[in-house]
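Think of it as A, B, C and D in the order they're written, each chain with its own count starting at 1.
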């Protein structure tokens, strides 16, 4: 009954099998290996266009490299104030950019509204005292489990581009968002104005593999050096390439995401039926943020269930967590079973 | 016949098996997993003392993190002028330290002599114009395949410590050096004055795993944050922990290194028997740097053999590569077979 | 009628005279000159203790150097969200620290309340994902012209020190605050818990001179190199030393501040007598932030008066600027004359 | 008898007068003041073209800002191995660029030969392991007092531009070189291929004033922010503007340089007539590097003469400093008098 996050399990079987299969024989080092080359081609197909692909082992590495390609050391990137890049990466974007600032804006469910972005941009002074905004970063799905539709991404991107900002999408849970939306990878990214994507795979079936996808080749020019000097160019690149081969083959990645989302739906249904429980936000991907009676939460923990309390900073207007209640986050993954969910719900009911 | 490097093969079987074995079940994220904890304990046993251990996926990451813990942004680290940290990491140490300088000194076989270090330290001005030296970094084995004895390390470390410098050992080929020397891990590191070790494992049997070992806990205080903000804290830490479990169990790492070294010895014997060929440096670990007739090198390449030409900057006094000759580097690994060596030698003979 | 800021005039006469007097003859370079040495001794007297003094030409340089001595690249500094260091220095603290973050907290009149600081510290997660707080920076006087009393500084410093943070005071308008409070320099700084002070002099009579004063010598160890590598070690150090000699001699600096504050008091009295005008905050030093009828502000601008509109983000509870009103900032200096004030008030009355 | 450097005196009279004249009245802050604007126009006239001008107080600041506009954090700048930027600025270029590397090449008299540059460029590997070269920095005059002719600059710049490098000239002693060469400012800079110039004025008559001149406007786009975040944008910009107004008016700067060079010529004549003394390099600007009998040098120091010993690393082929000799550097300035020189020579003769 571990719903703490979707990074607590290992690799899914096809990913592990691909890793085993790619282990033998000699391959060129530093990302020139066959599996990595194959993944680059496969991602170009999946995204329906040429793109520059850089495989790395962590989402923090991918996000920070992305922002360092978009934002100069004297610039700033704007994101939601609960975004992973501003809150959970111990200053990786500041480090990789050489000192740029992240500006955090409010928004329900960790989701940025176009109007919020536009008003913030309008409020900035052109003075040299201020760090000029150069990138917008949005999380897909958000840290509260909500998804941006292609229209919402496009509205944000239009405002951003109009003010000279590039658009980064932190897709740590990209697959979960994608299958929730039922759109194509192209529609939710470059066709909607995304310039650089962190294509997450670790949480959805890999052990450690993310693809930094740069849709505008001009933005990728410095990336080989940026990645190398950050220590994120793996010596035996096949480790990354092979995982992603297994991940992308036969729509395995989409199957994993569909499973995780379905488990989240099942969990949501059960949780909302608990006495005194409700969801703070609609369940859209593989995360749900229920408000539980404290008593229920304690009963669950006593039974061995694992999950994190969550910040109340981005609740919808009117929603309030009472003193006898607690806001928590439950995350499902490709490996979550119906049995785990049923056990969790049984424990909740006591 | 690929002798280009020891990073062109995958994982050795016990390492891969350990990875497969550790794949199932839930584990805490970010390095709090069971396999990582077990490896930390195992390394403390192997090095016969408590030490702080930080697993990362690349040698560049480990080296740069190590130097960033030892050298302030306004300081400098001294190393051989062909050291990997100064020559092959695209400025990772400069990046991670926030702008420190690397000073490269000469030395036969990419090996630093105590006298060279002492004279350089004595030549420095105390002026604030100069970046003060704060760390010495040595490679074990060196980039030309030579090993430092415990006495040699101790002599360098004594000079370094006397001048206020900490000592880092880049052990990308630590196991190969160790079995070549026939000493204990403790004897060649902290007992000889090494403060921080990059314990390489990727080249000797893992896919991507290095252990940054800090012998003085005070030097490790900032490391959890330094690693996190560099994106080198893996979400599913078991990937690193499991590889190293397999690597360290049953002296597998030492067996791998012994095999690689034995293959290098066999190759050295055969190469020196080739007409017009000689070794530029004694073969001590798993690398050899022969001077070959250009004709021989061309014949080898034509037969499909892979290897790199090498810099002549650190040749022994008196050694000179004639116009009809070429200096190359041949590297063996745990996976090198006698058959490959025999085929290489046969091709060399034409 | 220029009340835009206190940096729009040149040097006061005694400062200029000292500069002229120190111009002749040879002096050692890089801060080893006689005037600089004399200033170091004088400041130790003024602050009643040994301290390390580093003269620089800009407040941004002094503040950023101060923070870089206190905060590691993976740490954060906390300040008011309208503090000069977070809002007006184009990322200088981020640059000098190598990527640290500034956290901005709310507070009426750009002044931090102890409770706000304590609650923020308590809210932080100990996770390695978060950048640990290492310094508190407060502005004396604040960006809205308010001063911290010794008791208020001590209350903040006690909380900060208790959580492992060092305390920086940005004293761009230190002299104005000092004479407003009627306390000694020691009482409002190190005796109240300040570890590092930016002793501003540019705004109060110099052309370009600030003293970075480090009360705890251990914190100053790296400063000579930090200053040198930032280009803030002047070749002809007498330029800074001489200005400060003139500034500090015969309590000239206090006289200048008293004059500026008196002019601000006179201006405040006149402004509050204007129809429809009121002060958003008490006038305590040499800045006042009146809410003016827009009509009045326009009349003033038309008459050639210069001043800046100001942010409404830190107004006292209950204070609101109506649509027909505007919040502006008026700053007086050592050079402000009664005539200017009378002319301004006359113009305001129309 | 102080020949230690040309930064040991204050400002020349016309510079000081200009500073005094500009002290009164209100001026906009941060470089928008009248004197600064006037200097920008004057420099455009002097250099016979539009250019972007940024005034700063130190040469280290100007050089580091220049390099940070030309070299990305993963790149490198090449210069002579005794260049001020690599040897005397405590890592300012590394700091401002965010971690770029400086590569130091050999050359007689601290002067780079085109062939040396070309061979170095040809030796570089295109591998991502190497930091790509992006700028050439040359000192005019060099650290050994030699000047580059327009033809020599053009030859270097052609090679640099051909390899994608921009060209920076560190003109700490630009005026001395200029009058030595008898060419126009345009001829020795942008017409010969210089992209960015540090136009030094501090050593030749100012107290603290350098102009960073960017001939290609595209390279200057980020400079306002780069300067601001480095703390080098002076609040009361007139301090810099006024000095340079006085410096540039009526060819005062050229007169100062001619005087310094003439004094150096007189000193050179006298020194070479001393028994056992000779110049290591031709005297071309305001520095001479004589080899003196140790006895002579000691006699001079005993008599109170001040000068620095100098590195023997860039001596001409065949030149050797014997054990009973010493290589020293003597620098003259606008303020050097014939009397000082005669006293120095008399003391040398004993």
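Note that in this section contacts are C-beta pairs under 8 Å (C-beta built on N, C-alpha and C of every residue); 3 or more make two chains touch, one makes a residue touch a chain.
From a predicted model like this one, the values you see are computed outputs, not experimental measurements.
Student: More contacting C-beta pairs: A-B or B-D?
Tutor: Per the contact counts, A-B leads.
Student: Sort the other chains by how far their Cα centres are from that of subunit B and give me the top one.
Tutor: C
Student: Express in whole angstrom the distance between the two chain centres, defined as the mean CA positions of subunit A and subunit B.
Tutor: Roughly 35 Å, centre to centre.
Student: Can you work out the whole-Å distance between the CA centroids of subunit B and subunit C?
Tutor: Each chain reduced to its C-alpha mean, subunit B and subunit C end up 51 Å apart.
Student: Give, as an integer number of Å, the spacing between the C-alpha centres of subunit D and subunit B.
Tutor: 42
Student: Residue numbers in subunit B touching 2 or more other chains?
Tutor: Within subunit B, the residues that touch at least two other chains are 73-74, 89-91, 94-95, 98-99, 128-129, 131, 225, 228-229, 233.
Student: Using the definition of touching given at the top, classify the network of chains in this structure as line, ring, star, complete or other.
Tutor: complete
Student: Touching residues of subunit C toward subunit B in the complex: what are they?
Tutor: 30, 72-75, 98-99, 128-129, 131-132, 222, 224-226, 228-229, 233
Student: Which residues of subunit B touch subunit D in their complex?
Tutor: Residues 73-74, 76, 87-91, 94-95, 97-102, 128-131 of subunit B touch subunit D in their complex.
Student: What residues of subunit C sit close enough to touch subunit D in their complex?
Tutor: Going through subunit C, the ones touching subunit D are 2, 4-5, 7-11, 16, 19-20, 22-29, 56-62, 64-65, 89-92, 94-96, 202-203, 207-208, 225, 228-236, 238-239.
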